[in-house]
Each structure stands twice: as structure tokens, then as C-alpha cells.
Amino acid sequence: MKIAISISGDHINAAFDPRFGRAPTFCLVDSESGAWSIHPNPAISSSGGAGIQAAQHIAKLGVQAVISGAFGPNAAQTLEAAGIKMFIAPTDESLTAAEVMQRFKSGQLSQIDQATHRGYHERSHG
Amino acid sequence: MIIAIASGKGGTGKTAIATSLALAAKRPLRFLDCDVEAPNAALFLKPKLEHRKPVGIPIPVIDEELCSYCGRCAAVCEFHAIAIMGNKSLIFPELCHGCGSCTLICPEHAIRERIDTIGVLEGGSALPEIQFAQGILNIGEPMAVPVIRELKKWSFPSPTGQINPIEQTSPASSNGLEIRDAPPGASCPVVETLRGADFAILVTEPTPFGYHDLRQVVEICRDLNIPAGVIINRDGIGEKTVEEFCASEGLPILMRIPLQRNLAQALAQGETIYTADVRFRAPFEQLLTKIRGIGHV
Amino acid sequence: MKQLVILSGKGGTGKTSLTAALAHLAAQDGWKGRIVLADADVDAANLELVLKPFLIESQNFIGGKVAIIQTESCSVCGTCAFVCRFDAVLSPTESTDQATEYHIDPLACEGCASCVYQCPTHSISLQEQVAGKFHYSESLYGPLYHAHLFPGQENSGKLVTLVKQRARLDAFDNQRDLIIVDGPPGIGCPVISAISGADLALIVTEPSVSGIHDLQRILQTLQHFGVPPLVVINKADLVPQATVEIQNFCKEKEIEVIGTIPFDLAIPRALVASEIVTAVQPEAPASLAIRQVWRHLSSRYLGAL
């Protein structure tokens, strides 16, 4: 299974970033082989709809699950439509992507089926 | 002639001055409260608001029968308000700016639009021959500009009760006067209010805040090529920086209003400067003549 | 870590003067080092004028994008003007400088790219705009995150979000307990950005017909976004019956009025001198009242930090 983890860095030992839409990069890990790759998040400087944009990007990468610290309603809706499972890791930036992956494998992370927060209006005009 | 009253800093007395000018000027005239986030002019002019019109923005609706899920609409949307995931289409109305780019790009013509209401326009008459209209942004809606844009197109009913098209009632095409009360700040809602105005009255106070925020709004007037003059409110409390700035920029000082406890009290209770203190009657009555003498208007 | 946002609905009720005074009192009261300040009024950024901070870092803020027409390949067909819903495309006849081509009014352009995709000769592109500056400074009372939106620009909400994000990161990194956000007037885009993520809102109102009207609008907005409000009435003795009206209204809505500040020329005097009223005139009636507000606020609402 291919899994995306929101991180800030360019290595599997880089820090976990709990913000899904605004995380600088995603670390893609193959849960069987352990192979990983890094993909920049195109939504990081987006003026609005970052969660949607990040979710669309993740879907294109062909992942089956994503791990982050929080998912807004728009991101959750988009990921759900793409059939991507959402998992929550503790909002602790001292964790690395590798450690998050360890916790996932040992079943310590909980899966969610809806947004973790109500999100913010982001229509960016004004 | 269209005169906009703006300030940069909030609470400098825009509405007090706009409403006083409306009472002092020759009628008939139009008054538009463009501060759609916090519209207050009606509290002073007490119009009878008889007409209402919702304002909305067009939001795409995808016809699933026609949609081929090609994803062009999502790809062209600069605001990420559409996502196509496999054979599912998602629309996020709170992100949509209503530009219609998706509707035009769709190769299957599968997108039509519905209107999502973001605010309301209200209009009616205040005193004889003051045609009043205001925009009110709905709570929780971020975009003020579409409401202001529609407010500027508000057409007032003629005395016979018929609604005149804007071209006929617009003061731009006649000798009539339109007064626009602008929102505070110096971003897009202020620009939308000033756009199309013939003259801007900039209200400030002689403090570092007033000076800083005045400079912002003067720059907008420059960009839009609108001549402007300054009214100094709470005159006498402070420093000379505002006056020096006006002198160096060639901005005429149109009026000075001193800080007076009794004037502040009268305004707080819904009076205008014009009605509260007889000493301001003549200055407000002469204000338009002064402005006509300054601007190329 | 908590986020307190100072708001008002109506402008000019004293948000910035109060924010600066609270920062000063907090620092005096053993909170030094525990506070981050953020100025979310990016089109009238005034907090720095009284805090007089030392500027550490500035960077450009990329706001929205605007369309640009390449006149060499433009066939002057007018499709762009036809599809633009924001009246941002000026035709040769509307143009003030006698241009013979269509061109874009950057202040009206929404950056939607509709014209970019519809142009038959592919002569239009979007360009990113530097819409302002973002700053990080050190003040006597704590780090200050602030910004300047260039006059007439859009995307003030996005710039507010950036200011708050940086303030929050600072609070996380340095274990600071409280972010005080000086909010903008109104209830629209930048206010919504200023509210988002706040734990508590302090609304500064005044006893006037406008003050009461706008108080109701901002209270509804806070309720919409689920942020609990407190109210402070400035210039409370100016129209005592209106102050009573606000107090009754708040009581009915079960909103606490945490203090009243009298109409006191000490405040405009401090303002004119670019000083904080509680620092230069600590014994003035307004300063004593603000001290009382801080005491209530810190003991009852921030005490558990």
C-alpha cells in the first residue's frame, strides 16, 4: 500500500508536519518495500483551497492512505471522493516521517472518516 | 457628480461627514452607503427602506448526465473551488469567486450556474429627495466587493413608481449628485467604492494613525486618477504632520472639525454634524462649491 | 497557547490603543517573554506606530495574480472583455491613455484566468503580484508580526493568515503562552482570517448608535465562527444611557462586559505622541480602567495558562 505523510523536509527522517494542506512536502512510503520518495505540496502558497489542491495532488500520486495531524472539511471531502483513507498522527513536530510510519504499521494511528476541524472560510478576496 | 467619502483609518467620521453633506447639498441627490460590512449611514439619515434586492455570486452546478469527468473545470479554477476525483465532482461554493471560467471551458456544456446569496441591497427615500441605498454583507461572508459593485448599479424608482434603468438615474449622465460613504481601510472594497467617483473627500485626524492611513488612501486616489481634498476631524488634538503632508502633496484642506465633547455626544445619539451644531451649516453648504472649484469636475 | 483577538466591527473605537496598552500591562505583570503580538489590520497597520519595534526581517508578500495582455499577438477581438465578469478589461475606447489595444485594470482584475483560457490568440497570461510586505520585529513587550498591504490591493485575508501563522510558529517554537491579535474593522475577509483559530475575542465598542449597530454585527460573526466574545466599552461616560443599553443587551445575550473605559483626553494625547497611554500616564482615568480590564482578563480568562 502507498501512503503519503505530510512533512517539512526532503527525507524520510524529516519532521512530520501536522498541517495537511499547508505542509511543504509529502513523503510517499510503500508499506511493503519501505521505498520512499518526496513530493512538494503545490498548495503550500495557495491563497485558498489548499486542502483541496493538496488532496487532488495526493490522488494523482496514486496513494491509498494519507497521514497528517488535521484535515479540514474540504480536504476530507476531496480525499473521501478519491477513496483515500485518512489517518491522524499526534500533532508533534519532533516526530519524523519514519517514526510516523512505524506507528502506522503497529496500528497506533486512528483512521477518521470526517474532518478534524470545521475549517475556515478561505475565499481570499478582500 | 459622484463624491466618495473615504478615510483609511476607521472611526474618523466618514459617515458623520457624508450624511451632513447629504443634508446640506442641493437636492435631489443619491446616497449610497458602501460600507457593506458595517453600514451605519441609515442610523443618521433614517430612510424608509422600501425596496430590497438580494446580491449573490454565480456558483457552478455540474450536470452529472452530461459530465465526462475530464477535469478541465478543476484545472482552470484559480480558486480550487472544483475537484474532479474519478467519477465524482465536488464543488466548494465558499471558495468560488463566480468568474464563470469553468462554465466557459466545459467541452460538454455540462455546467450551469445558480446564485448564492452573499448580501442584500436596500433602498428608499430619506427626507424629501434624498434617494438612499445601502448594501449589507451577510454574516460570515468574506467578499464585500460584489455587494458594493451591485450597490453602485442600484436604480431608484421614479416618482411614478417605475424602476428606471441605471443609465437614466445615474448622476454621471445628469447634473445630479451622488454621495458614496466608503468603508475604512485601503484594500479592494475601498477601491470599488472610489472607482468611477469624480472627487474624493478624505477624512482624517491629526494623529500618527490618521496620517499613516491617509497616505494609503491618497495613493489609491492617485492610481484611480481621482482628485481629492481633506477634512481634518478632531482638529487641534495633535500634530502638524497631516497638514504638512497635505501642503506638500497639493491636497486642499476642505474643512476642520474640532474635538468637542458635545459634538461627539450628539453624533453618538444619531445626529449629524450639520444638525447638531449651527456653526457647521455654512461650511457644509459651501463644501460642494469649494469642491467644484478644485477638481476638474 | 491561547489566541486573543481584539475586534470592534466599527473602526476607530480604540482597538489598537487598547492592544498596545494590554501588551504593556502584560509585560509589567510578569508576562514578559510569554506574549507574541500580531497586527492583523494590514491595510491600516498602526500597532507598530505605538510599539516602535526594532525591525528584524521583511519579505515581499505575493498576493493574487493579475492578467496581462501581450499586445504584439493580440488580435483586438474583444473576447477577454466579453468574458470578464469583473469589468477589468478596458477596451480601446474606455482607455484613458489613447491606447489602441485592450488592456487590464490590475486593481479590478480578480485573477480568475477566464480570459487567459478564452483568448483565441493565447495572448493573455497571469502574473503574480507583490501585494505588500510582511515584517517581523522585536518590541519591548514581545515579538511583533505585522504587514503592509499596498494601497488598493486584494487578498488582505491571505496576508492576515500569513501574519498569524508566523506568530503561531513563534509561540510554538519559544513556548509563549499568548498571542494578542490586533484585528481589522468590519466583518469581511480580513476579519474572518483574524478570527480563525482564536480562543477568545475582546470587542471594543463605544456607546453610540453606530457602535451598538456594529457590535451586533461582529457578535453575530463571532457566533458564526464559534469564538467566545468579551466586551469592553470605550468612552463609556460619553452617552451613559447608551452604555447602559449595551450592558443590558450583553446581559441578555449572556456576554460579559469586562470593563468600561471613560472618555479621557489622555488617550488621544498618548496617541498623538505615539505612546502607550498606560505607560506615559499610568494614573489617568483611562489607564486605571484599562489596568482593571487586564486584571480581569488575566485572572479570569488567561489565568489557567
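For reference, chains read A, B and C in written order, and residue numbers begin at 1 within each chain.
Heads up, the rule we're going with is that contacts are C-beta pairs under 8 Å (C-beta built on N, C-alpha and C of every residue); 3 or more make two chains touch, one makes a residue touch a chain.
From a predicted model like this one, the values you see are computed outputs, not experimental measurements.
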Exercise for the section: Can you figure out the chain closest to the middle, judged by Cα centres? Expected result: C
Handout entry: A-C or B-C, whichever has more C-beta pairs in contact
Key = B-C
Fill in the blank from the handout: Whole-angstrom distance, CA centroid of chain A to CA centroid of chain B, is 42
Handout entry: Separation of chain A from chain C, taking each centre as the mean of its C-alpha atoms, in whole Å
Key = 30
Problem - Rounded Å distance, chain B centre to chain C centre (Cα mean) - result: 19
Handout entry: Numbers and ranges of chain C residues touching at least 2 other chains
Key = 110, 154, 156-157, 188-190, 192
Exercise for the section: Provide the list of chain B residues touching at least two other chains, using ranges where the numbers run on. Expected result: 79, 97, 140-144, 187-189
Fill in the blank from the handout: The positions of chain A in contact with two or more other chains are 47-48, 121-126
Practice task
Would you pull the chain A residues touching chain C in the complex into a rising list?
Solution key: 22, 45, 47-48, 93, 118, 120-126
Exercise for the section: Name, in rising order, each residue of chain B that touches chain C in their complex. Expected result: 8-12, 15, 35, 37-38, 40, 43-44, 76, 78-79, 97-101, 104-105, 137, 139-144, 183-191, 195, 206-209, 212-213, 216-217, 219-220, 223-225, 234, 237-239, 259, 261, 264-265, 267-270
Handout entry: Contact footprint of chain A on chain C as seen in their complex
Key = 62-64, 110, 154-158, 165, 172, 188-190, 192-193, 196-197, 226
Fill in the blank from the handout: Counting only contacts in the complex, chain C reaches chain B at residues 8-13, 16, 41, 43-46, 49, 65, 83, 85-86, 96, 107-108, 110-114, 117-118, 126, 149, 151-154, 156-157, 184-192, 206-211, 213-214, 217, 220-221, 224-225, 235, 238-239, 242, 263, 265, 268-269, 271-272, 274
Problem - Partner chain A, residues of chain B touching it in the complex - result: 74, 79-81, 83, 85-86, 88, 90, 92, 94-97, 140-145, 187-189
